[in-house]
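A single structure is presented below for examination.
Order of writing sets the labels: A, B and C. Residues in every chain begin at 1.
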Amino acid sequence: MSLSLDDVRRIADLARIALSDDEAAGVHAKLASIFGLVDELLAIPTDGVEPMAHAQSIALPLRDDAVTERDERQAYQRVAPATDAGLYLVPKVIE
Amino acid sequence: MSWEVVIGIETHAQLSTASKIFSGASTAFGAPPNTQASAVDIALPGTLPVLNRGAVERAIRFGLAVGATINRRSVFARKNYFYPDLPKGYQISQYETPVVLGGGIDIVSPTRGPIRVRLTRAHLEEDAGKSLHEDFHGMTGIDLNRAGTPLLEIVSEPDLRSADEAVAYAKTLHGLVRWIGICDGNMQEGSFRCDANVSVRRPGEPLGTRCEIKNLNSFRFLERAIAFEVRRQIDLIEDGGRVVQQTRLYDPDRDETRAMRSKEDAHDYRYFPDPDLPPLAIDDAWIERVEASMPELPEAMKARFVTEYAIPAHDALMLTQSRDMAAYFEEAVRAFGGEAKLVANWMLGELAAWLNREDVHIGEAAVGPRQLGALLTRIADGTISSKAAKQVFDELWREHPRGHPVLRAEGAQFSVAGEDATPSVDRIIERHGLRQVSDEAAIGKLVDDAIAANAAIVAEVRAGKEKAFNALVGKVMAASRGKANPAQVNALLRAKLGAPS
Amino acid sequence: MTAPDTVTAQAAALARGDCSSVELTQRALDRIASMQSLNAFITVDTEGALAQAREADAARVRGTAGPLAGIPIAHKDVLMTAGLRTTCGSRMLADFVSPYDAHVVGLLKRAGTVLVGKTNMDEFAMGSSNENSHFGPVRNPWNRSLVPGGSSGGSAAAVAAGIVAGATGTDTGGSIRQPASFTGITGLKPTYGLCSRYGLVAFASSLDTPGVFAHSAHDCALLLTAMAGHDERDSTSLSHAQEDYARDIDASPSDAHKPLAGVRIGLPREYFASGVESEVAGVVDQALGTMRSLGATLVEIGLPTVRHSVPAYYVIAPAEASSNLSRFDGVRYGYRARDYRDLDDMYRRTRAEAFGEEVKRRILVGTYVLSHGYYDAYYLKAQQVRRLIADDFRRAFAEVDFIAGPVAPTPAFAIGDRRDDPVQMYLGDIFTIAANLTGIPALSLPAGFTRDGRPVGLQLQASYLRESALLAAAHRFQQATDWHARRPDLARVAGA
């Protein structure tokens, strides 16, 4: 499959990573070679094979519905870039 | 030029668990920002989700209540997109294999009568945090207390054909989730939110392009938003335009819907099974346990009320609006021992008026079901008139201490709190001298006196004027200061005057 | 007398009172300082380490010290350590001080080990040479112009250089085994789920496995015993009964001359086809000869789909990573760009400025293979191929006890050699990746050297939860050989 420069820009958009035109070109070349490696998968016959999403087939464990966490805001917000009155601050979100 | 409106509703119901779906933080509403956001909820690096059994239990309960299939194996998937109230940059949801599949809800359509609205599915997912847009010097504040609250996303098939029908569906669903105790349905607090998918088409044509109106948190907004959107789409098409698929928001100030700024690249959420969560297994034993603990559902209860209590269907519908109402009714009937219809009348009349006036829920009513039963008993046994009973009711309400629940929910059952009621009813009757006079002789004397004192009215009565008769009854009642048993006054007057009954 | 530099020897010395934990710890700290040019450490916690050492010595006096008490260790900087910086080798977390301990960190702390610092690594565990670190490359103690391997290069170098006797690592595609092979030490990747991932900053969730580096299988067994165990905070954590791996390893074999009698070792023909450097092949052959002389039966087996490991991995791992790294958005912790126009711009610049090239590449690959229209062809396909590979291994383990082969096609290569060719770097993972895709345990043990003195490891893989047997077999090999006792010339290591 061929990856276009537009594809690269679109993926970078989805992944929220800024990419200048130069960077996009460089990334494009490297990604193309990676897909050259990966495309080998396409030809492998896998009809009827169950996909393997987990290394083991264990059942999902469940926890009891109980409040076990307490307020750690002070500790957690010590590492925050910007807060005010206990809220995390980000550039204004426009809907 | 007729148009058909096609509507599907997606509802996000916050499940009433104590802790979050994937962490042990509290879900209690109203805490200071970010004080109920654990390491998992704020997506600190290295944290992992662990599923809350209570969320699954509630999903099973919902599935059983709507006659759906409970998937014995369901998978959690990541829905990837960037937004500041979504800490991980993905929402854990369910995609290809949801926990509940199919089912349906019976509603009464204002236009089409009783219809069944099919459900596509219901699945578990986590709620996002909240963005506070009030000014923080041009910044937005993010509160993650809500992040991780369990949601059940309930998707209807596009079976609804009008805004009114959509509201009827939403109200019925709202009543149901509260009835089975999985969601408190508090729309102001965001516990129950609806998105409407709306499209229009000419009858017989394939489905039109739909628009999704998000986050409608009141029935009124739901109705207004759909109404506007339908008009907008019809106008657009009739003007030669085409409806573009998009997500829209309802602006209540302007009463219109408008397109959202695009949140995500053509909705490419890149769903894939969450590698941190093996598939959820639900066995038959679990489903049976939930089934055994299910309360009688509203439909069944309504039908039973009609046959068992001989009350009209409309009354039964009103009395099964909530389990609290129904429990109150049955307890009051039990305490009364007389005609259930009388209980129904009082609940839908006096009681409803007081609940409205005081803006309280029936579980917090100042007059409990046993008291109502005792009161109605005093009417039935002639101690007081209906009119006096209303006065007693008001007194009971005024003097009863607030804040004590009259009903207590214990799993599928309700029990009645509070002491035996008859003494308090009798006490008020005595204190206000409301005991009606039923003594034949005493009433006979009052009637004789009234006839003697109102010759003109008596003449009109003899002439066949019903209004004059009522006036005469009024005179007797006034003379007795309202205490005469009206039925006896009536009967005695007619007898003495030879008036037709 | 040379100071003890293995976990076993240090534990014995402490027990005998030959030295104190403070002495061992001070020596580790001194070595870090004198060998700074290796760049094995990102954060050193002098105060904290000495305090822990004093506490360990006090516990010994009280009589409450366990077998690992007082032993200095290091943690790969991908594991959260409360109160200490956890950077994952990235600018994104360059100043991030963790508010909590990873589960395995807590277990080793409770066992009384002394944490001297956090080791350098390929950024977010993505790499096979430790050249992808924001904090600069790590150098191989055997030859400072060579890479130590990756992504756990810092931990491997720290053990190989005798700074600490044991260190944790994580292995997603070979990131413990390959550096162990390149630096001449023993590295163990346990069964997926045996050690908790809670507090391990996720790269590829279904593949990430915490593990250990040490000088011997016996040492690894001691450390694994402390690290393994169910954790209810990790939904993929196995409920496996606690094992004492060291005790089992010490059990005497029935035949002292042929300690591996009855053991069947499978040799996949796919591993021994062309593509392995001849000197590596030579060392591996000789090691297998040793196995045979110890009584093992070598059996040729087939793993026909194993050659698809690399492409399958390079779809699955980046896909999971692309999602796992979305939380690094500058909102709640970590790097935030300084100049931005709006929220969207903040996201884009933060992630562009704070992620390195390899990380960005993998996020883009992962985003692509999950995107609409490509999911079935790539992601789903790769998961199906993964199933085929797991089936091959399951069939093989019905015939043999272990599967042996090279760890990597080459020994350690020169720093800078493969910077420009990611694909070439990826192909180096050919022998290690399958154990991650399937979740089986695997280890690398020192098996010899090339003519120019570069270490070469032998890989042994076993079926699920067969760590005991795996470590025992490795231990027997190490009792009959001394590759694991070789040390680099420390004078040269400490050079400028």
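Rule of thumb we're sticking to: a contact is a pair of C-beta atoms (placed from the backbone, for glycine too) under 8 Å apart; a residue touches a chain by one contact, two chains touch by 3 or more.
Keep in mind that what you see is a predicted model, and the values were worked out from it rather than measured.
Asker: Which chain has its C-alpha centre closest to the mean of all protein C-alpha atoms shown?
Answerer: Answer for the innermost chain: A.
Asker: Which chain lies the greatest distance away from subunit A when centres are computed from Cα atoms alone?
Answerer: Most remote chain from subunit A, centroid-wise, comes out as B.
Asker: Averaged over CA atoms, how far is the centre of subunit A from the centre of subunit C? Could you give it in whole Å?
Answerer: Taking the mean C-alpha position of each chain, the two centres sit 24 Å apart.
Asker: State, to the nearest whole Å, the distance from the C-alpha centre of subunit A to the C-alpha centre of subunit B.
Answerer: That pair's centroid distance is 41 Å.
Asker: I'd like to verify one number: the distance from the centre of subunit B to the centre of subunit C, where each centre is the average of its C-alpha atoms, in whole angstrom.
Answerer: From the centre of subunit B to the centre of subunit C is 58 Å.
Asker: Among the residues of subunit A, which are close enough to touch at least two other chains?
Answerer: Residues 14, 16, 53-54, 56, 58, 60-61, 63, 72, 76, 82, 88, 90-93 of subunit A touch two or more partner chains.
Asker: Hey, what residues on subunit C touch two or more of the other chains?
Answerer: Residues 96, 99, 206, 232, 235-236, 322, 326, 329, 331-333, 343, 347, 367, 371.
Asker: Residues of subunit B that touch two or more other chains: which are they?
Answerer: 39, 42, 44, 50-51, 82, 84, 140, 142, 144, 268, 270, 275, 277-278
Asker: Flag every residue of subunit C that touches subunit B in the complex, lowest number first.
Answerer: 79-80, 86, 88, 93, 96, 99-100, 102, 197-202, 204-206, 232-236, 319-320, 322-323, 325-329, 331-333, 343, 347, 367, 370-372, 375, 379
Asker: Using the touch definition from the top, list the residues of subunit A that touch subunit B in their complex.
Answerer: It is residues 10, 13-14, 16, 53-54, 56-69, 71-73, 76-77, 82, 84-95 of subunit A that touch subunit B.
Asker: Show which residues of subunit B lie in contact with subunit C when the two form their complex.
Answerer: By the definition above, subunit B touches subunit C via 39, 42-51, 78, 80, 82, 84, 87-90, 140, 142, 144, 266, 268, 270-272, 275-278.
Asker: How about subunit A: which of its residues touch subunit C in the complex?
Answerer: Per the stated touch rule, the residues are 1, 3, 7-8, 11-12, 14-19, 27, 30-31, 33-42, 44, 46, 49-56, 58, 60-61, 63, 72, 75-76, 78-82, 88, 90-93.
Asker: Show me the residue ranges of subunit B that touch subunit A in the complex, using the header's touch definition.
Answerer: Against subunit A, the touching part of subunit B is residues 17-19, 23-26, 32-39, 42, 44, 50-56, 82-84, 131-133, 136, 138-144, 249, 260-261, 265, 268, 270, 273, 275, 277-281.
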